[in-house]
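Worksheet: the structure to be examined is printed underneath.
Chain lettering (A, B, C and D) follows the sequence in which the chains are written, and residue indices restart at 1 in each chain.
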Amino acid sequence: MAGDSGDGMQLAGSRFTDATAVFGNDLATLPDFPAEIRAPAGTVAGVSAFQIHFASRDILTPGDTPDVLVAMNPAALKANLPLMQRGATILVNEDAFSVRAVQKAGYAENPLEDGTLAGFTVKRVPMSSLTTRAVEGIEGATSRDAQKAKNLFALGVLSWLYDRPVDVTERWIRGKFKGPVCEANLAAFRAGWSFGETSELIDVQVKVDRNVDVAPGTYRNVNGTEATALGLIAASVKSGLPLVFGAYPITPASDLLHALARRHDMGARTIQAEDEIAAASMALGAAFGGALGVTCTSGPGLDLKTETIGLAVALELPMVIIDVQRAGPSTGMPTKTEQSDLLQALYGRHGESPLPVVAAQSPGQCFEAVFEAAQLAIKYRTPVILLSDLFVANSSEPWRIPDAASLPPIDPRLRTTTTGPFLPYSRDDNLARPWAIPGTPGLQHRIGGLEKADRTGAISYDGPNHARMTQLRAEKVDGIPVPDLEIHGEPDADLLVLGWGSSYGTIRAGARRVREGGGRVATAHLRHLRPMPANTGALLRKFERVLVPEMNSGQLAHELRARYLVDVISYSKVQGQPLLPSEMEQQIWRHLS
Amino acid sequence: MAAPELTKADFQSDQETRWCPGCGDYAVLAAVQAFFPELGIPPERIVFVSGIGCAGRFAYYMDTYGMHGIHGRGPALATGLAAARDDLSIWVVTGDGDALSIGGNHLIHALRRNVPIKILLFNNQIYGLTKGQASPTSELGKVTKSTPFGSIDGPFNPVSLALGAEATFVARTIDTDKQHLPMVLRAAAAHEGAALVEIYQNCPVFNDGAFDALRDKKRGAENRIYLEHGEPIRGVVRDAEGALRIGGEGEPVIHDAHREDPSYAFALSRLSSSPDGPTPIGIFRDVRRPVSGRDLARQLAAARAAADDASLDALMRAGDTWTIS
Amino acid sequence: MAGDSGDGMQLAGSRFTDATAVFGNDLATLPDFPAEIRAPAGTVAGVSAFQIHFASRDILTPGDTPDVLVAMNPAALKANLPLMQRGATILVNEDAFSVRAVQKAGYAENPLEDGTLAGFTVKRVPMSSLTTRAVEGIEGATSRDAQKAKNLFALGVLSWLYDRPVDVTERWIRGKFKGPVCEANLAAFRAGWSFGETSELIDVQVKVDRNVDVAPGTYRNVNGTEATALGLIAASVKSGLPLVFGAYPITPASDLLHALARRHDMGARTIQAEDEIAAASMALGAAFGGALGVTCTSGPGLDLKTETIGLAVALELPMVIIDVQRAGPSTGMPTKTEQSDLLQALYGRHGESPLPVVAAQSPGQCFEAVFEAAQLAIKYRTPVILLSDLFVANSSEPWRIPDAASLPPIDPRLRTTTTGPFLPYSRDDNLARPWAIPGTPGLQHRIGGLEKADRTGAISYDGPNHARMTQLRAEKVDGIPVPDLEIHGEPDADLLVLGWGSSYGTIRAGARRVREGGGRVATAHLRHLRPMPANTGALLRKFERVLVPEMNSGQLAHELRARYLVDVISYSKVQGQPLLPSEMEQQIWRHLS
Amino acid sequence: MAAPELTKADFQSDQETRWCPGCGDYAVLAAVQAFFPELGIPPERIVFVSGIGCAGRFAYYMDTYGMHGIHGRGPALATGLAAARDDLSIWVVTGDGDALSIGGNHLIHALRRNVPIKILLFNNQIYGLTKGQASPTSELGKVTKSTPFGSIDGPFNPVSLALGAEATFVARTIDTDKQHLPMVLRAAAAHEGAALVEIYQNCPVFNDGAFDALRDKKRGAENRIYLEHGEPIRGVVRDAEGALRIGGEGEPVIHDAHREDPSYAFALSRLSSSPDGPTPIGIFRDVRRPVSGRDLARQLAAARAAADDASLDALMRAGDTWTIS
């Protein structure tokens, strides 16, 4: 938190610290006062900052590089930016970036506009004016009070982001101030908090294990959303298929729509549909026309896309559905993460409607995951669900940028000719049917959601045909070859920790700590939820104990039990928060002894 | 190279048509198949998208590309297709339940966006496929399987609804009118944006005779109020208050389908509240408005054609990067 | 099939027989010509009939009582009605029921209108006029040809209903007739077939085991739909809550809407909603107002209701969702039965959103099943899914009518007062929250889909609270006491056959046949899919082998494996057809040896 | 027994309001809370149903019964509630995205059915809660997060859409107008069927100033075209063609909100295409039509009250039965 020395940063900082301590976190702080007591307002010299590092346990330093900077003015930004790593979040008081203020801070151009902040997650909040408005109605409060209360607005926003208890701070405000000033401060604090909640602000910290060996190459910081956007563009380029992305805004999935909407330069077409049903239908309609049809949503939206996904299963057309999971049920906690849509992805459609399910395991790996989802969709003519989550979508990590040339081409194998009558439901070796798109002479055909006769695709109510088609659809999906699970750590340990999705880094980190402490443990991570790797069952049986940590009530555990009849141990955390390395470490120790 | 002349047979698929005998859908199908050669578009560049319902079966019978979708989602599927491809002639076939009940939202949004698709709404004022429930165009008091004591809800007027949703082309015609139906299709095909064509269609099994007042030779001649651009509208006058009326005192009205302000077309749509008396038939409105994504489609196609490994590399490496060797 | 002797019934009958033989069914026929060669047309004496009994195997008699009667005129109806059991299906040529024809047959009133056919499933088809229309366009065909072709229309309808191959018959027509007459007959046959398909005609035969001991009492015939309607009315009467039933038509669920729409006399309110989302939302909105909110649909509609059901889970309001399963995926085969929505009912919602799932096992038992669903919904303040299917909904059986007084009252325990602040998310011993409905002074409160703080119901983004609420919601559902599974047959046999839903009668019949043949087998039937009976695991482990027959790809088997880690044997049939006793018998023998 | 007078405080829940400072929603909330005592309906007989969006939060702040539903389904939830209970005053609060994008179908059907619910549509021409995407009322070319190069789709006019959907009551007002807003609410409450009230609502964070032309004291005075039943509409004339126009030659127009034919109200709605110039404010239409289920509700309540074991027995035993002893 940095601002002008008159901005009350120390006060806000210490309040946040208190609330954090009450919250039970371990912490370390580093107040950073300006050298001169009365440095000119708005200059870099006048910046006052307060840094706090907190976590559940194990705080060794006051945080080498902060994850979040709150900059109340351009000078504060200038002074603290060098401390920040790319990928960090910067919350700026947008109102304070007037031309004059920008110059005073020593910037030539407005740093919010000129690319200075590229690579950071910038959240622009008009803090001054929102505070003024919050305070406006309070009898007796002056505009100066409002002006002074904006530190509490910032504190409110931060408290929301990090779930700090509000009552502690409110009690403190009540004790410290009186009358209109008290009211003004309370109003500002609450307004900041409400702003966070109401406008569904999200922040997640980078939890990814950074101690892995770093391969040579060119890197950048990406969050999961950016990597997904790049992966989709790459799949479009490598397949030569136009990308048509239909979506309806929903936190935390909207950002992908925003990112792709900018990509006219790569020929990407985004449509903000009237609802999720339409969004999925648009992607599917586009797929019929030979596009890479993609739709992206979060839980409530996935519910609504169900019927259309089922149609895609019946039509056997390529389509990618991205589900950025958030905490449910129902509206739930839209700004909190969870992995609780797994069973829905697998089974949440009427009838027997199998489809491949892939999961993203880290911000950078979203690129690969979505690229693979597109590959599978196109190769097998099937909808594919990619499970991501709020945590992986919003956190960021250094990502080794692949060479475009090294990415495999995706051959859409569009059918353009036929000898004899065209059979839209004949199949190749992968059991995939031909994709013949409108505009192809001689291959006119009709497809639909009614059961189809094998090979011809004509409407069929025949029982044995239905049995056969049901089986073919399942075989096609279950026959997809996916790479074997790889064991990390001690392959002959007693305990295997098997995770999926965004907990990848955390599980690795937890296991590493255990190993550092002398424990022996193996880990593996599922990226393919249907079909599962061929060696999954064997691996599960090989270990004496298998721990399955998930941010849900044990959905993967349930599925593993059903498939492999192995009594895995479910560790379930449903708090809207990512798993923590420390927590993993503790759990592993628990099951080692 | 001159393409061979197309004929009706080029549009007949080998699927046996499976409507009830006497269903109005047959007449529409025949008229559409007979009309299509005139467009000069090869069958492979035509797509019929449909929802679920008796009408939805239509897609199977045209020897074009076709997609029999799910209930009510035809316009959304077609919007996606239109976004992917600007070289196709895209037609949606839908019923009164499909378009106005479950699919109401997609219909109004496709019209608002002015997506380049032609929507044929087969209005039989009943649910045919599911055997006779009320639809949103069934009249108040209608006795059906789902409303055994009579429907308590008034109907939509599809033309009014479409105009309220900013439709740029709205027309109404009749299943068995072999002259009028193709005339309307011709205009719809020529229209650049979204076109909605309401087709009064008799369902002899579950709602026989609903349109007799217009389909009958004799009664039809009395009751049809033909709308022809630039021609006076027979029997319709503008009264002293400026309102349109059938009969009575007032100024004659010359039909102007191109009028920007939809209020006029809307007023025409209110001349009839159900098809059992004098009813306007023809093109209510046909105006130009930017077509959804028209220019964008070309621009994006060019961008995509140009996109290659080099541009992908550039995109991936945009912004701050660092290299470890 | 019965008609005037001039109606060509014998011909139609023998054609159907041939097609049936080709189809591979065992069969027995009983042609029934009129005694006089030229009895007056339209009189009972002039009726010509043809009876056929067919099944996969084991035909002992030409069918004691026919399941379906096709009556081409009133006389045919009169002559054959005495043969028919209540519950059977009667297909009438509606056009032939003119006042004169009715009198000629010796009826005082039109039997279609005067209640004569109460208890039968009557399908009125205007066969004459549809045939005339079908033939109309054929060059050279006379109206007499059309008149004579209506037997082929009837044959077409029957062929559709029973999936007879059409090509055999068409070939025969082509061989037998020439020119316009041939065309006319073909057209009539196809028109009949198309009528069946297009208007989603359904027929199922009564497959229920009738040899069970018959308890004393008053009986009537009911099909599953009628029993469900009565069960809902009973739940409304016994709870004192108004029934609000929101539905959108869909085969085979629409009939319940039709049945309840007639029940104004019992205060039932039905609404044909604009779509399934609205239908579910209307039921839920009504529940908030203190009604028994119910919605009914089939697969595609269940997809659409997903999000609303999730809201009901979060709101913890009573609601009953009936899913009359049909063959999927997507539109699938709307007139064919299947049990393939089980996993969707259990898991097809985003987030952790548990709810009780109950299944109906026979037509008459639908009454109990839906009554129980309503009881659970009201007692536990939760949405409950009742899984029925096309087969159970449309088949019928004699049903022992309960005394209204013997049905348990359902106490809605509406909250009407409070001491202290009202806590809408406080819980009783069943973990159910208070249901305080609008109109109750002093208990105004707001509920919604955002996560709620325990007890107070205020919006909460707190992690531990979310974990606690997630657990409470699951515990509430899983803590519902359901009766233990009962073993039928030999409790110490090696093989247990465990089924669920509409296969109840079939499995019993198959097992009985095995026992008659000297085999030893036990059966049990699951009516509660969540929670499952407490003794389920123990039972599964007690038997050496457990056979789980299902009309899906093994969904219950999957669930049992996950829950109890028992390697059950799945017998899966996905043909859109109910399981058959003979098939069950065969499977049981297979796993006995 | 005279009920104690209600005050504004009786309608204020203890939930802290959580909109951004300066949000127009505050003004509407204050106006609604201040207005409700006037209705004389005790808070427990009032229900606020809402969808998702900033506007949707409204339900939490009224000390009545409330249900914060799911996105777009407010009207459907409320329709079910109205079917169960005819003794409640039911209000739906919705946003432009909630009502017109995802919820479009439920909105038009609730209006068609004339369900006795009052729908307050907070139109800020943007998605607030999800941080600034285009809504179906955002203007063509609008730059938002989801349309960085400008929206390519034209907007709905909510009043026109409602009229096309057979709405019996349609009005428009402004968040900060402390006189006009309650006046419109009063009329909506008095209306027997479905009432749609569009409220222009400023979103200072994501779409600030969208309604300045009407909200500003000075510009507002110029631009607001007040519709008052029986009064001439300032600045509006009927031209020679019968069309309504702002300014120019023609006859003055006396406002008639009760006109059966919605064409007139529709024409009024077309006087403005976006709120940045002269715009009609007030009640466009207020007519009577059978209210969905009104009589039925009473009839069914009586039937249910009478239903007991005896009638249940009779129903179950209706038709053919046989007895085995």
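In the analysis below, contacts are C-beta pairs under 8 Å (C-beta built on N, C-alpha and C of every residue); 3 or more make two chains touch, one makes a residue touch a chain.
Please read these numbers as outputs of a predicted model, since none were measured by experiment.
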Comparison of A-D and A-B (more C-beta pairs in contact): A-B
Distance between chain centroids, defined by C-alpha means - chain C, chain D (Å): 41
Separation of chain B from chain C, taking each centre as the mean of its C-alpha atoms, in whole Å: 36
Of all residues in chain B, the ones touching two or more other chains: 52, 68, 70, 101-102, 104-105, 109, 136, 293, 296
Set of chain C residues in contact with two or more other chains: 197, 264, 274-275, 277, 300, 307, 311, 315, 330-331, 448-450
Graph class of chain-chain contacts, one of line, ring, star, complete, other: complete
Chain D residues touching chain A - in the complex, by the definition given at the top: 16-22, 52, 54, 57, 68, 70-72, 101-102, 104, 127-131, 133-134, 136, 145-149, 204-205
Residue ranges of chain C touching chain A (in the complex, touch as defined): 163, 197, 277, 298-300, 302-304, 306-307, 310-311, 313-315, 323, 325, 327-336, 338, 340-341, 343-344, 346-353, 448-451, 461-464, 466-467, 470-471, 473-474, 552-553, 558-559, 561-563, 565-567, 573-577
Chain B partner contacts - residues on chain D that touch it in the complex: 101-105, 108-109, 112-114, 136, 140, 152-157, 160-166, 238, 242-244, 261-264, 266-267, 270, 289-290, 292-293, 296
Partner chain B, residues of chain A touching it in the complex: 86, 118-119, 214-221, 230, 233-234, 236-237, 242, 244, 246, 263-269, 271, 273-275, 277-278, 281-291, 293, 307-308, 311, 315, 401-405, 437-450, 458-459
Contacting residues of chain B [partner chain A, same complex]: 13, 15, 42-49, 52, 59-60, 62-70, 73, 76-85, 87-88, 105-106, 109, 293, 296-297, 299-313, 315-317, 319-325
